[in-house]
Amino acid sequence: MTHDSRQARWENRTEAPLAVASLLYLISYAVLVLASGLPGAWRGVCLSVIFAAWAAFAVDYAVRWRLSGQGPRFVRSHWLDTLVLVLPLLRPLRIVHIYEAVQRRQGRPRLPLHARVVTYAGLSVLLLGFAGALAVYQHEHAAPGATILTFGDSVWWTSATLATVGYGDVAPVTPLGRVIAVGLMLCGLALLGAVTGSFSSWMLQVFTREDDERPPGR
Amino acid sequence: MTHDSRQARWENRTEAPLAVASLLYLISYAVLVLASGLPGAWRGVCLSVIFAAWAAFAVDYAVRWRLSGQGPRFVRSHWLDTLVLVLPLLRPLRIVHIYEAVQRRQGRPRLPLHARVVTYAGLSVLLLGFAGALAVYQHEHAAPGATILTFGDSVWWTSATLATVGYGDVAPVTPLGRVIAVGLMLCGLALLGAVTGSFSSWMLQVFTREDDERPPGR
Amino acid sequence: MTHDSRQARWENRTEAPLAVASLLYLISYAVLVLASGLPGAWRGVCLSVIFAAWAAFAVDYAVRWRLSGQGPRFVRSHWLDTLVLVLPLLRPLRIVHIYEAVQRRQGRPRLPLHARVVTYAGLSVLLLGFAGALAVYQHEHAAPGATILTFGDSVWWTSATLATVGYGDVAPVTPLGRVIAVGLMLCGLALLGAVTGSFSSWMLQVFTREDDERPPGR
Amino acid sequence: MTHDSRQARWENRTEAPLAVASLLYLISYAVLVLASGLPGAWRGVCLSVIFAAWAAFAVDYAVRWRLSGQGPRFVRSHWLDTLVLVLPLLRPLRIVHIYEAVQRRQGRPRLPLHARVVTYAGLSVLLLGFAGALAVYQHEHAAPGATILTFGDSVWWTSATLATVGYGDVAPVTPLGRVIAVGLMLCGLALLGAVTGSFSSWMLQVFTREDDERPPGR
């Protein structure tokens, strides 16, 4: 019990500062990647923000591991947190949790499940797509034979990938760019699954309701 | 009540003229985009029709806002109407509503849910696809390095996008063309979701019925 | 009643000969398209078979229209038959019906719904894909700037289209080829819907069964 | 009964050695395809391992056919085993079964259905994708006009195919490569169906649970 309550207190207290750290991390990364003509001093500021945010994530992970009292099992049972520690670009995904917390605090009734899934899928895809477009642009734009030359190309390619359309007029050519691309394809598959699943669950729900409203004799 | 009834009366009266205005808007836009050798006088006619239709949409929006007595909340609670005001090319989507109203007035029984969803998805995709193909053609066909050179190319590219096939033999190259393309991809995802959702709800329905028909002992 | 029974008798009697006619139609069309070096006499034979089969379809349509006693409404209520009359390449789809009839006659128990849907979807996609690949090859292989040069290319392109993968290494360039392509895309969407719908209905069924098997206390 | 028990005993005893044989088969095939500069002696070792594994599969198939006492019907009722005998690259799919057996032996509770389907689909797609990328690379990399030149290209192309994205920046050009590609597309369609089906069944399950938790008066 004391473990649980101390953990809950820690998570309550660190939620807001960590959300700010996530946002600062993403912004600094974006500035670093996109503003090629940035003076050295500003590059230093961005890099320090990135490392500070990463350090904050690591400390948070360590404290929660300690408080959980779980030992090595923690790494596996909190695999999403572990993954986020290794790939902090996935961190902004927590903003989805915060969005839900804010909605709850404002006393709004929860949305029906399918609306919630579509909202979360949309938010996640937007954040992951932005982070992915940044990472692909960083690794591709200077590679020999690259077709993704501007950030606009990268966003365009990311959209076509997430929608599983895949024109192929621009496409990554470096190994690291292609690894990120495969990650984005998986997001696209999940997005497709979420959209389709919501649609069919929504239709089944409407359908069941219509069945209930009809006189039972029919 | 009076609010509601006045609103309902307004919507009943304006339904037909606004549908005509939507159609005239789409036709004038199509003529303007496709008929490159149009004499100046006719271009003027088309432009006036476009602006007149837009004005009619704006007046309708303002009157309904007034009648609702909702204040600024109206903009958000009627976000679809607001979006249509900003992007009148989406306006023909209301034809779907009119199709439903006509069906109801003729006393036809409502189609089962999955048939209705497929019909609406089909109609919406057809109208949005036509409007999207027009808009992409307008922004692309004269751009340097463009591959979408004729309206036929644009329709072909739109079909491949909406089906999430995405050959990439032709593809938009201008920023605005790509923004429209992302909108069409979202339509494609929704279409896929509608088709798949209808299929699975239809199958589950047939399945449940077969289960009911079997003797309970099996 | 007499109408119905005469119609049923007609359909029973013409089922087998019409299936043979469909098959002959498809084979003759394939021979005509693929065997470019065919001597004139054989071309004549193929063309006569095609026209004879078409005539048989037309006579069957006319007789059934007459027997139904429906007047002009028949054209609309039997829209699939009307479409097949105009596009006889879709005719082999009736083989699906025949497959079902043969299965029933052999006294086999009906497959569960999802297996049946996957079987029908697979058969339809195979037949339509073959007919589509033939038609696209016929219209494309001699067009200027074409990338679909052999029947193998056409089959490869058809597969990529039906799976909504769409590489775009080869793609139709003629207007008629592209119209057929859009038809194939629609088939691909329906196939995707059928596969996905079957999967989700099958999973829900297994799931419900597992729920039933568990002791109700859990 | 004796048939069944002898069959079960055989399958229990051969499970582990056959899994090792499958793994050795896949590894030897990978070494043979990827290590182009392999000395002749090692090539011989790999080839012998491949043929030995194949022989083991054939013996297992023959023994099980004998023990089943079914006659020619066995070939059809065990069509998956027959297919694996002809295409031993599909053999590693049995690892999925072994994964399940190991999980059961360790006394772990079974995962809920949708998690299980996603796990199996993921494992199968990983194994089939690896085998497919190897086979496509083998048949393509030396073909004239090929775009898949390295194993990295082949993995990249396989990922884009399985996610039904299909950029088309690289694509197979040989007939055999394209046949394998069509097989991978079918896997991609099934994967999409599995992801989507799991999503919608999971959502329906959560939904039903929420319905149950609400007071029945609402």
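Each chain carries a letter (A, B, C and D) given by its place in the written order, and its residues are counted from 1.
Please note the rule applied: a contact is a pair of C-beta atoms (placed from the backbone, for glycine too) under 8 Å apart; a residue touches a chain by one contact, two chains touch by 3 or more.
Chain-to-protein mapping (UniProt): A, B, C, D = Potassium channel family protein.
Just so it is clear, the model here is predicted, and its values are computed rather than measured.
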Contact-pair overlap exceeding half with C-D, pair selected from B-D, A-D or A-C: A-D
Chain whose average C-alpha position is farthest from chain A's own: C
Turning angle required so that chain A lies on chain D, C-alpha fit (0 to 180°, nearest 5): 90
Euclidean distance of C-alpha centroids - chain A vs chain B, Å: 31
Chain A and chain C: spacing of chain centres that average the CA atoms, whole Å: 43
Of all residues in chain C, the ones touching two or more other chains: 164-168, 192, 196-198, 200, 204
Contact set on chain B toward chain C in their complex: 152, 156, 159-160, 163-169, 191-192, 195-196, 198-200, 202-204, 206-207, 210
Touching residues (chain side chain A, partner chain C) in the complex: 164-168, 196-197, 200
Residues of chain C touching chain B in the complex: 113-114, 117, 147, 161, 164-168, 171, 175, 178, 181-182, 185-186, 188-190, 192-194, 196-198, 200-201, 204-205
